[in-house]
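My structure is below; once you've seen it, I'll send some questions.
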Amino acid sequence: MLSILLLSVFGIANLFLGFLKNRQILFVGAILFVLITFGANLVEWGNPLDFGASINKGMMATDKTSVLFTAVLLFTAFLIMPLSQNYIQDKEAQPAEYYAILLFSLVGAVMMVSYESLLMLFVGIEILSISMYVLTGANKRNNRSNEAAMKYFLQGSFATGIFLFGVALLYGSTGGFSLSKIQEYVSSTPNISPMLYLGLMFTLVGMLFKVSIAPFHFWTPDVYDGAPTLFTTFMSTIVKTAGFAALFKLLSSSFGNVYGYWQTGFITLSALTIVVGNLTAVYQQSFKRMMAYSSISHAGYLLLAVTAFNERSSSAILFYSLSYSLATVCAFGVLMLVSAKNHNEEYNSFNGLAKSNPFLALVMTIAMLSLAGIPLTSGFFGKLWIFISAFERGMYWVMVIAALMSAVGLYYYFKVIIAMYLKEPHSKETDTKIEVPTPYIIALLIGTILTVVLGLLPDTIFGLLK
Amino acid sequence: MPEIITKIPLEYYIILASILFCIGVIGVLTRKNALIIFMCVELMLNAVNMLFIAFSAYKGDAAGQVFVFFIMAVAAAEVAVGLAIIVMIYRNTRSVDIGQLNKIKY
Amino acid sequence: MDNKTLALLALLLPFIGFLINGLGFRRLPKPLVGLVAVAMPLASFIITLILFGKFQSGGSKSMTFIYANWIAIHDITISFSLLIDQLSLIMLSFVTGVGTLIHVYSAGYMGEDEGYGKFMAYLNLFMFSMLALIMGSNYMIMFIGWEGVGLCSFLLIGFWNKNRPYNAAAQKAFVMNRIGDLGLILGVFLIFIFFGTSEYKDIEAFVGAETNPYKVGAWQVVTITILLFVGAMGKSAQVPLYTWLPDAMAGPTPVSALIHAATMVTAGIYMVVRSNFLYSLAPATLDIVLVIALITALLAASIGIFQNDIKKVLAYSTVSQLGYMFMALGVASYTSGMFHVITHAFFKALLFLGAGSVIHALHHEQDIRNMGGLRKYMPITFITFLVATLAISGIPPFAGFFSKDEILMHLYQKSPVLWVLGVAGSAMTSFYMFRLFFLTFLGEFRGTEEQRHHLHESPISITLPLMILAVLSIGGGLIGIPEVFAKDANWLAKFTAPLFTTSQKLNPQLFNHAHLSHSTEYILMGVSVVVAIGSIIFAYIKFVANRTVPKPETEQQGIGKVLANKYYVDELYNTVFVKPILAFSRFLGESFEVFVDLIVEGFGQIVKGLGNAFRKLQTGSIGVYLFAIVIGAVIWIAFNLFIYK
Amino acid sequence: MSLSENLFYFLSFLAILSALMVVFSKNPIHSVLYLIIVFFTLTGQYILLNAQFLAVVNIIVYAGAIMVLFLFVIMFLNLKRETEPPAKSKILQFAAVISGGLLLLVIIASLRTLDPYKIQEGKIKGDIGLVENLGKILYNDFLLPFELASILFLAAMVGAVMLGKREGGERNF
Amino acid sequence: MTLWLVLIPLIASLIVFFIRNEQAKRIALLFSCLELILGVYLVAQFDPLKKLQFETNFSWIASAGINFHLGIDGIGILPVILTVLLVPFIILSAFETKYEKPNVFYGLILLMQASLVGVFTAQGAFAYYLFWEGALIPVYFLAAIWGGENRIRVTFKFFIYTVFGSLLMLIALVYMYMQTPGSHSDELQAFYALGLSKNTQYIIFIGLFIAFAIKMPVFPFHTWQPDTYTISPTPATMLLSGIMLKMGIYSVIRWLLPVTPTAVWDNSTIVMTLAIIGLIYGAIIAIQQKDIKRLLAYSSFSHVGLMVAGIFAFNHVGLQGAMIQMLAHGINVVGLFFVVDIIQRRTGTRNLADLGGITQSAPVLTVLFAIIMLGSVGLPLTNGFVGEFMLLIGIFKFSYLNFAVMPLAIAISVGVLAGSTLIFGAVYMLRMFQGVMFGEKTLKTAEFKDVTVSEALVLVPLAILVLVMGVAPNIFIKLSEPATKELLDFVISKINK
């Protein structure tokens, strides 16, 4: 509640800060704003502030889960903000708008993790999506950025339509769109109306689209690829985390009783997503595009956790999203630096990075290890938790597929490591050391250290949702 | 109580909305003009609105109408952004053909 | 010092010698090297004699000394322990005795070699291994020695290791021995399984006890004994594992004398005699032993006739003589087998050392066609060599006569046919031995002028052992004088009799032969001596009177060609075993590995292929993506529709 | 058949027909106009269902604002029948229609087992669609999302301006 | 206490990473010696008759009932000894070679040591898995960064292949974890206590066995191994074959046998067949290898086959033999690979055809090489013999006792096949030894220096160990014997149940 208010205010404040000619203030301000919100959010841990009750009316929850997910979102945003430093220097960029939209989109994301009514969910999704459409196209002169924006926008609004159709049917069958109302209907009605099932399907299709589950994933690689890397980072972390939190919240608080109805489909879809994401990533030449496919495969793993649907799932999703976000921010952070120098987002632009910039190489390595789920990084426990919760459900064959595909995942993650450590740079020009700005160092360092720390002491997070 | 709900069963409205929705989907799938596709999306949204209002009326619950209100608001916002994107693309490519937007692939 | 320490000392002294020379062979002065190397086996020999005395005075009771546990897990315990009994004492005496002599000889023979210290160290190591083999109180300690002598044999055959063919010979010896060793160790495994121990005395007690479940002919024992015999085949160069021995002549001559004639190769006989209580339980195995031994004896003897290399002739004669020893064992005449082992050690060592002396004098000329007339130049060698030749040919009263005659007699008891074959082999033996002798020492010298110029008698360190061995070759037979000549004069038989009591108890009819009358025995002896003398005369006529010089091996025709080429056995092994394995190795390494690798690479290819296929789905066209959404949704909904009505 | 029934059928028929015309007419302007007809028919439906306020909003927002914006853009970009991108191949069009039809089919099939809706007489009031009533709900129960919708607009506004704004040196159109 | 065994190398590696000059190697050596001292102390304190000792146990992931539990018992002690013993030698062996970025190089070695000790002492499934994978990363980088020709492809294959296996293992571990009663536990003892159904056991068996089989490797999962061993820098090869390979063997004993006894029992014939095929296969290929490092790689593969067969023989001798052979093989291969390294460093080649006559200028090297080589060949009174003897008798016993039809004939055939390692081992090792050391000198070996002091410091202790272990294997057998006996009794009682 508090975080939403703060973010809204700060977003507007940022727009006004844009009038100042000093962009540095904007940059520092944005980071500070996120940090303050992060702190404010934690205040609500365990004791939701009651001033919101007068306007809330059961629209939003401030329980532990939502606070934690909000914290993850804000923390990720806090790590991403420093990476926007190069926009400060870029004349053509409009940082005030960027920051404002980013903060607004965070409002949407927070709504998605703490909604109690489908209306809130809808508005939240739309705030986030519309912001993302805009940011994807932020690089206005770049045809790729344009194309990505268009693709994202058309498919996104189409998916919104489908989602709304589902919500309408849910409303028709249950007579309301608050989660509690739906839950009440589902649990108390002996003959559940087929309309509810149909509505659920459409709603889920809409939401699965947002978190890029196959076969609704096709937008992902193109949009991630075309969007400016900073916003790709934002999309692949925050949108995904919020999307999964929303999805799980929807299912767990309203549709637990019809678990059997959506489970089979989810198992198939997650298997499909994992397979498609991992296998397609194998063939990529572009690191950024590989990360897009990898994000699809991670969505598949997260969907497994959702499908497992037990008390462990929520902490599994939380932990996995966090570790995935940390690693992704680090990876994209390094990519931004490398591609800024080499004007190239392919694997081979990383060649010889370990020699010129051992720090960046190390950050990237740990990020890749974490994404690949190698122990001693947080990614391992993320996967482990998902495996455990999936096992509790007895989803054995999907587990085997997931494990096999993890080995495949290793293949493409390690291509970067190999490029950095084992290959020679193409030319003298690319061999020079990259200047790493201080904000980058801080963000990357925090991300990396947390990845390792969570890889050693995962219970710091797991314990929270016990 | 409106007269219509005693005469026309709710199912008719559902079917009407479904048909409109599906026509919208067909439009999205068949056309290549970004604008038309977008219009078809609007058509889908309207079908949803229709559905919401029908449910609202038959159940005597105003919340459904509030939802429609929000949908309209969102649609307006979406249109603003969407048209801005289309215009932006047109500036760069002089075309609204989505068939030409296939530079990013594989 | 008590017996326990003495026994250990006897074993370890040569090892200490090895350590001294081995660690310091570049630094120690040559005389010291020789001194240490000779002193150690000599000390062992002296200790052996002391032990012998104590053993005799102590009432001839066998003594087992346990020093430590080697490998101990709950159902298998193997200890470092030594056994002193009649058999080990006999073996010890002649091994250390002959060994000392050969050490002395080597000190002279190898004195100028740059690897002198190393050589002496190896010899000492060999002594140690051989002693371990003999003295061990269980099969595992024997196995230590068994493999140890194999290693030393390897090291010594390839002593001049710059020479690749010599190395190949060394490797061949080791590998063939290992094949035998595998059989042996499998036999030991079975012993562990059936008897739960590998101690000789325990096993003997086990089979000797009333409760022994393994009666005569028990398949378990037959299997064990056959497997053990495989080990003996390897070590004692029996068909089919004999081909390494002739090749082993690549080593320095003292090595041939010590290892490949006098001691190591008789380990197989020792092992069988040691396990006599098992072999007596398995008559079937004894028959196998007999057949193989017979084949070996005749085959090797026939090959020997056409060899021109002095050491090769001796090598084949060794193989053949080993065959005789095994024949003795095959008819359960363990004592006569041992007897021949001892006498053979004397005269064969003498022969080799004599040959070494000749080779030394001729600067590494080994082809007898290039020798001749050496009698004048090397009288001592000539005389001692003659003694040895007579001994091996079985001419009374030389040592070989007694031992060989005893074997032939036992063969006759088994079957006259065997006797005939034995005598035939004996005839061949005397023929090729005298062929060798005549061509080397009589007639005119056929070598180069330069060689003739350098001809000289060998130094004392070489001739002294020759003389001592000559004495032993003459008088060695006295330890086993047959009953015919003097009642109760067969000391050896009497002394070793306690070793076989268990065997006799278990399988009495194996030892119950039709008693031969004295006249028959005389006739048998007479015939064999006459045959031997006949073949000597034949050889004399051919090589001395007619001055025939054999053709080179390559020019032989007909049967001679086959024999000169050793029945093509090496070639056969090459074609049947070596080449296929090498080809198979290449096939596996170069082709099959790739195939196995398909498990991984194939998976990788599939992944890449699928990746490429999925990649193609991402066409970049929004229309397709939208289609996917709609169709995905339709399928999913339809799917749920069918499942949930 | 009462008037309202007739009206329902007429409006539904017109709506479906115009919707099809939106999809299938070649000229974008025609599409827009047909879409406006759809909106009007739907407005009629709303009135039939006593959703008076939304009916008005629909006219104002959709037909008035959104569609005008569309038209404006079409004019702006000078889109006409000739500039229309070449149609998708017949097979693709056919496939699109088929899949849309399939979608409809599964929707109908899913709802096949739907029990006929029974109207609970007493509960239904005719005045829920009035401004006053809606306003009360909107500003009580839905105040939070209502306020947050402003964030949505703000974001959309900023975004639209940002994307649509002409940069220095950039041509207008 | 055990925690320090893991921590010392871990801390050391962190320190070494920051020392960016040649001093790194000395610091690394110092710490590994410290670790050795601690290891020796622990071994001296170790009481074979007690169960788990020197435990470290604290709650790690409380929400899942997962503890961080380390400890040493009779099964783990020998591999731990092996690890703490060999790493100082491995580090020392690298002294004469100049590696780029020595800090990273030695840091990775120490990191590897920490993980290896962790694997051998972990008492919980997840800590075990953590260390298991933790051992892979450093050695991958060691091989990939400092490796030879084709290193990227080869090491990558190795990496993916082994991780693929460990993922299967992870699934099996998670599966077992889920089977534990109550709020689940990943403790080894909890796994032991599980009464799994036959089908479940089969599933777990497959998962675990493939992982271990790839690691060891067992035929036909070995194709990564010869290439990886060949291209890796020698210290990495030593780590791979000397210690890492034992992870697989140890894990079979520790994690596979007691947890899925029935499945192991039912499949023992199949596994043994694979193992024996592997041992003959590797040996036969080794005969013709020209590259001596590759030859040793195949020989290592062949030896592993014997150890696996010994474990699956289901008897005390075989199991204990595998334990001893683990230790022996580790010592031998490290020695042998070091000799290869010395030769390569001096002559620049590993090709048999280019080598020869080294003994003429390097007698000391010859002797040391010979001793270690003989250990590998399995000559009595060397360490190789003790292990091989026990393994062979174990296999022999198994095949004799477990076949209803013609047990003796089968036992002898199996004995001959498994025992062929004695013969083939002699063939290829002697061929290599003679080829390298004997014969005439070649161009490349014309100038050959004998071992230097630091090289001798590695080879001499190893050679002494070879002999000591051969003469007095009981020291080591005693340490692990009660534990293996208990384990085996436990397994057998579970099968009979």
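A few notes on this one:
We call the chains A, B, C, D and E, going by the order they appear; numbering starts again at 1 in every chain.
In this text, contacts are C-beta pairs under 8 Å (C-beta built on N, C-alpha and C of every residue); 3 or more make two chains touch, one makes a residue touch a chain.
Being a predicted model, the structure only gives us computed values, none of them experimental.
Think of each touching pair as a link: the shortest run of links from chain B to chain E has 2 of them.
Least step count on the touch graph, chain C to chain D: 1. Top-ranked chain pair, ordered by C-beta pairs in contact, is B-D. Seen from the Cα centre of chain C, the chain whose own Cα centre is farthest off is D.
Chain centres defined as mean CA positions place E nearest to the mean of all protein CA atoms. Each chain gets a centre from the mean of its Cα atoms; for chain C and chain E, those two points are 37 Å apart. Distance between chain centres (mean CA atoms), chain D to chain E: 71 Å. Distance between chain A and chain B, defined via averaged C-alpha coordinates, is recorded as 27 Å. Each chain gets a centre from the mean of its Cα atoms; for chain A and chain D, those two points are 31 Å apart. Under the contact definition stated at the top, the residues of chain B that touch 2 or more other chains are 10, 14, 21, 24-25, 28-29, 32, 38, 54, 59, 61, 63, 66, 70, 74, 77-78, 81, 84-86, 88, 98-99, 101, 103-106.
Residue positions 119, 123, 126, 130, 133-134, 137, 140-141, 149-151, 154, 158, 162, 195, 197-198, 221-222, 283, 411 of chain A each touch two or more of the other chains.
The set of chain E residues that touch two or more partner chains comprises 160. A complete list of chain pairs in contact reads A-B, A-C, A-D, A-E, B-C, B-D, C-D, C-E. Residue ranges on chain E touching chain A, taken from their complex, read 60-64, 126, 129-130, 132-134, 137, 141, 144-145, 151-152, 156, 159-160, 163-164, 167-168, 170-171, 174-175, 177-178, 203.
Listed in rising order, the residues of chain B touching chain C in the complex are 25, 28-29, 32, 98-99, 101-106. Of all the residues in chain D, the ones that touch chain A in their complex are 107, 110-115, 140-145, 147-149, 151-152, 154-156, 158-163, 167. Against chain B, the residues of chain C that register as touching in their complex are 615-616, 618-623, 626-627, 630.
On the chain C side of its complex with chain E, the touching residues are 22, 26, 68-76, 140, 143-144, 147-148, 151, 154, 158, 161-164, 167, 170-171, 174-175, 178-179, 181-182, 185-186, 189-190, 192-193, 219-220, 223, 227, 581-582, 584-586, 588-589, 593, 596-597, 599-600, 604.
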